[in-house]
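Going by the order they are written in, the chains are A, B, C and D; count residues from 1 in each one.
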Amino acid sequence: MSDSIDINGAAAGLFEPRITAFVCNWCTYTGADLAGTSRLHMASNVRIIRLPCTGRIDPLFIIKAFERGADGVIVSGCHPADCHYTSGNYHARRRFAVFHDIMEFIGVDPRRMTFSWVSASEGAKWRDVVNEAVTNVRALGPFAAYRALAPEGAGRAAPAGPSAAAVPASAGAKAEAS
Amino acid sequence: MNELRELARTLLTDGTVRVIIGWEDARRGARPAFVTDPADADRLIFDTRCVHNLVTYLDPRRDNVAELGKIGLVVKGCDAKAIAGLLREAQLNRDDVVLIGVRCGGVLEENELPAAVPLTPENVAPRCYGCDNREPALVDHLLGEAQPEPPRPVTTIDERVAALDAKPLEERWAFWTEQFGKCVRCYACRQVCPLCVCERCVAEKTRPQWIEASAHPRGNMSWNITRALHLAGRCVDCGECERFCPVGIPLSLMNRKLQQIVGERYGYTVSDDPENAAPIGDYRLDDKQEFIK
Amino acid sequence: MSRVGVFVCHCGENIARTVDCEAVAEALREHPGVAVAEDYKYMCSDPGQALVKKAIEENNLTGVVIAACSPHMHEKTFRRACDQAGLNQFMCEMANVREHCSWIHEDRGEATSKAIDITRTIVEKVKHNRPLESIHIPVTKRALVIGGGIAGIQAALDIADGGHEVVLIEKEASIGGHMSQLSETFPTLDCSQCILTPRMVEAYQHPNIKLHTWSEVEKVDGYIGNFEVTIRKKARSVDEDLCNGCGDCQAACPAKRIPSEFEAGLGKRTAIYVPFPQAVPNIPVLDRVNCTLFKGRRKGLKKDACGKCKEACLKEAIDFDTEDTFVTEAVGAIVVATGFKLYDIGRDQPEGLKGYGEYGYGEVPDVIDGLQFERLASASGPTEGAILRPSDGKEPKTVVFVHCVGSRDPEKGISYCSKICCMYNAKHAMLYKHKVHDGRAIAFYMDIRAGGKGYDEFSRRAIEEDGAEYVRGRVSRIFRDGDVVKVWGYDTLSGEQVVIDADMVVLATAMRPQDGIRELAQKLSVSTDEHGFINEAHPKLRPVETNTAGVFIAGACQAPRDIPEAVAMASATGAKVLGLFSADELEREPAVAVVDENTCIGCMRCELVCPYGAIEQREICTVDGHVCGHVAYVNPGVCQGCGTCQAVCLSKSVELQTFTDEQIFSEINALCYWE
Amino acid sequence: MTHAAPTRETYFISDDDLRALTGELLGAGTEVIAPVAVDVCASPSAIASSACLRPGVKPIDIEYRALEGAAELDLSRGLPVLSLKQYFLPEYEALCGWREHGIEVEIDAVPTEFAPRVVLAAKPCDSAALAVVDKVMNWDYQDELWNGRREATTIVNMACPVIDESCFCTAVGTAPDDDKGADALLTPVEGGYLMEATTDKGRALVEAHAARFKAATDAGGAEQRGRQAAEERAAARVRVAANLEIDAASVRDWIDTHFEDPLLAALGVRCNGCGACSSVCPTCHCFDIVDEEEGIGKGTRRRCWDTCQAPTFTLHASGHNPRDSQNPRYRQRINHKFSVYPLKFGEVLCTGCGRCTRVCHAGQDLVEILQAIDVAARRPEVAAT
């Protein structure tokens, strides 16, 4: 699929999504290394944060990434049965299943959250996961809805009445929600 | 009710317990009662207004309750599930509390009434519908007559969740951002939750501060998502979080959705069996992973 | 205030071609908390490292970030450099701007800004790194070897000769394993017994080797350097100290028609027996399943139905009432050498395997497997080395050897090559021709895999000198037809169907891991592959280690192996163990979880998810010593640093050092995409 | 306490004129805040609210809101869920922003000037609360943000028509028709309202819209209206007084001298420490200051509501907590409101709005508690033993 999409969006003047990836050290991070040593070209929108194991990844990481303006996230680790720590990814799988479902219930488009198993030998798969995530999120546009939750900072005028919470944010979000 | 008062009197008199935590009638309706003197046993009541999940008073962090001495606690079936939760998570020794179970036919949604009224589809607490534990097993004494099933509320929680699920993503987002937007971060939901017993809530951890402290929509969003996730597979659906919320956020919808998720994915339902291990922290090799590439 | 040094490597042209390294250094100079940022052609070179060391000393840096290749490549290099410059090595991190950036992007602008982002995140992480000291764990300098085959014996001998005590356990009555069943070994055709027996005896008599036969691993506690292993000594009914191996009991035993496992079912044994004459130790066991006395007891007979062996034993070594006993051994390292079993293609199959009903194994007596042929060909075997077919004891004039029965046949559930069959088939054909000069040896093969010193020459000899006939193709059906065994095959070279009236057929059945391997793996918390072979830590670089520190693997428990390979692996594990035992204390990276006892409420969710059982509940006491609660405790010796405990901790009261919440939070924060 | 004295210049404004006035203010771009009846069943939340889904009376939320049009004005309503406090001390507000450049730190200040705005039909217990909190906000430190909003705001009270079993303003020195902390007071009468301007800001409002007001004496039926107003206001005071009467001074002194008294020491047993009472309280003004980082080396310092009912409120860095259980924490609430503050500033830190009692589903009842303390205070010999 990677060939079918334009991995260089800027050139094509497309929206450039910002994607934060949380990957395990033993499979996906190494798989991404392999993609590098194999010179597999891919979209440059993804920023990797290395963790020992998907078992270490807390949904709070993803929420924080969205808070910081990420348009999408990737969570990736060892395939079932391949976990370097034997079962970290099984626990992660349950945690993220619940997180995935509840975020969808809240109204977050699941296509903003890519979960994948990428082994140390799957450099090509990593390339595809990255490109696919970029294509999906690019299609969805910026995650304006989440950014609309941001409070008035000091730079901007402080809220006069009751916190911007109740009315404006949700109104804004409604318009921009993904 | 006399049965309850009699038992309370006996337990207090023979020193089995030092305090009975139940319900009493007060100026603004039923409320939690702390009876230490056998003479006061007649203050105790149990009727459709006795909504409170008193298990929250067993929070090991509540030193001022512990100071009262050994506790005799009156529990409904749903409350007993919370007891099981505390046992499951090593927050309670079963021997440290005498559990007085009451057969329950459901409670009112709005309990601040001068006198008990019979349940109708209009006034019944929606969560009571389909209750699977109206006669708690995990108790030392089980009181009261067998009760009829609570009436079906005009709208069930499941129907409300379904209605929400049926809406497009944008509308669900608008809905929840409006709801969470109202949050003033008083943490009443946490304080009354019988299972929120952390010494230091993650919301109060400052290094790092995962959850922003001020009540802006962004901090409220992460707080409310986190609160819900922390209760996945643990929530006993006592509804106290929603009832105590001063701004009326429909937390029971979040909680119910989580119950549905762990139910559908892992076939898990919360029960008052302490051996029924929670689904998060457990796994099966063949867990569904359709959302993973 | 942090003073971080950032060092951007060009990696020759590897990074500089697509990433503007000067620009990255420039951008990082402005970054809060960065004291110095430089770029250089080859950071990993001596001058490059010198540059880092110099910067540390001159700016007295609190942290170092090397923007270069993957940490998997050079993290150790640069941490060592920092250490030498007096900066705690764990204050150094690498930003991967090569594999994750310059090599996968073309647009210089994009690549450069991404490289800046990547470096920023790591700088932010390093700001929250803490100086850490390696963990020191005492080492019990005793080893446990599981399995008394050639691999186990070799490992035990190497470790014992290295001067350390070894506990060797074997589930059968004697050590020796499959090698003791073999007739002659390829490619030299030297007698298996003759080379193995001395090793068995040496192991038995070695002052440093403590042997438990008829024993199995019951339970494994602890961790590298400090295992506590509980061993089940199955009731033998014979006192190992009193017995002198005279054999009178066997002679006296009335149950003489029990198929002998050692003879692969071709020979018989008694109920109380020594598996084979050269058994080590030469002490019988009583097979309670087949013993008349125990059969009687199971039926509930008041009076014991037999007792002849006991009467016959002058040493009074026999006791019918012994129970299984348990011994615990404290060891610092464990070598797993449980070997293999043959794919029992006849009878009902384990999950995923289909068997070869069409080959008539188990129904046609003259269809046998490789091990049975070994026994026929063995001078000490049931036929004293004469090749006689099981059904009528006649000398077979036409013998068909079928390769790859099970192996390389995903259809039948096994995709791998069993590796030794090509060689032993050639050997079998040879042995047969040496003994039956006018016989025909016909082998059906897929292709000949004879990699190994002298192997190809050997298999050619079978064909060219000994006249074995090799047919390239598969056998579709084998069945009895009167006196002969009909073999339907297909010659893919001539493209013709081949039908052979054979007197005997030898199937080269696949090698499979031993029964109970998964249970054992679980006890050792090591993982197994889909077939049940134990996974090595790294297929190339750590072939005899497992993911559980202190547990090593030798021989066919890891994959099909021939004798020289098994022995080589065994000696490799020996070297690993001796290396582990060379120091009194073990040094480990401090990437372990630590509990904050002030906020932990001891709900023990972490204990539920810990794959290593590293977490236990611990009481905490007030200053005056009375218990005031319980909290989780992480044993740094057992913890492997996956961090799953931290993710499930509701109050975030457990921190994985080197990947703390603050570090990760800062990384995410560094990727703030505002304005 | 200030009572509506007929001597003060009083005007009459008809219902229509009041709406017209509101329209003029809005037209001029002035923010007008007033109690608004929010039809919760109109919002998307309806699908979640079982109350909306069942037949019969639909629930109404009353909130102080910035009006979008004069039509929204609805002066007949009871007490809003949240007090007026949030318009002067928002749930959270930025104090300053910071950005690091290398080792330099740049501070962005926040504006302390606010556009003029008007609050219509404020509840007397809410305006009085502002006057009480003014004291602490201008004690050793002048709180610019608070004062800025106070100065920019003209508050017009409405004599309170809706009184329930939790109201006790008269017991703590205010009244349902008090103008304390306000600039003017409206009293509903036949056909409109009597309006008394009590401050320059109040008078300025009248002058700016002189056309809308008639001197009460000029308007027809003046006398009868005056009587009606006086009677209804008196009746309201009586209704409140029936809920609770205490001697605030002796309560203050008794608490001060009976810190360890079992009565005070055991108040928190049923309290969940949720702090909802502080959130809805018009006088609770404690806040926490947090630095919220957004990206590297930049962020915003905010203050947000805090509550003495939370353990973290007094948690020391050492881990020690002087108020280590809900008993001392609840005693603090009582002590601060009814003794410490009065002793320091001469005013009770409570205006008897009763919100804390209404919001508490655990049944902490301030009316009941004050009653008990009052009894003890009136019978010192009992308390002493």
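Please note the rule applied: contacts are C-beta pairs under 8 Å (C-beta built on N, C-alpha and C of every residue); 3 or more make two chains touch, one makes a residue touch a chain.
Everything numeric in this text was worked out from a predicted model, so none of it was measured.
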Could you say which chain's mean Cα position falls nearest to the mean Cα position of the entire protein shown? A
Is the number of contacting C-beta pairs greater for A-D or for A-C? A-C
Find the geometric centre of each of chain A and chain D from their Cα atoms only, then give the gap between the two centres in Å, rounded to an integer. 44
For chain A and chain B, let me know how many angstrom lie between their CA-based centres, rounded off. 34
Give, as an integer number of Å, the spacing between the C-alpha centres of chain D and chain B. 32
If you look at chain B, which of its residues touch at least two other chains? 164, 171, 174-175, 178, 202, 210, 212, 214-216, 219, 280-282
Mind pulling the chain C residues that touch 2 or more other chains? 598, 609, 648, 665, 669, 672, 674
Shared-contact residues (touching 2 or more other chains) in chain D: 82, 91-92, 292, 294-295, 302
Think of each chain as a node with edges to the chains it touches; is that a line, ring, star, complete or other? complete
Within the complex, which stretch of chain C touches chain A? 70-72, 96, 98-101, 103-107, 109-111, 114, 117-118, 121, 525, 527, 530, 547, 591, 609, 611-612, 640-644, 646-648, 656, 659, 664-665, 667-669, 671-674
Residue numbers of chain A touching chain D in their complex, please. 68, 151-155, 157-163, 165
The chain B residues in contact with chain A across the complex are 164-165, 169-178, 181-183, 202, 210-212, 214-222, 225-226, 228-229, 232, 254, 257-258, 261-262, 265-266, 279-285, 287-289, 291-293
Inside the complex, what are the residues of chain D that reach chain C? 100-103, 293-297, 319
Within the complex, which stretch of chain B touches chain C? 60, 89-91, 197-202, 205, 207-208, 210, 230, 277, 280-282
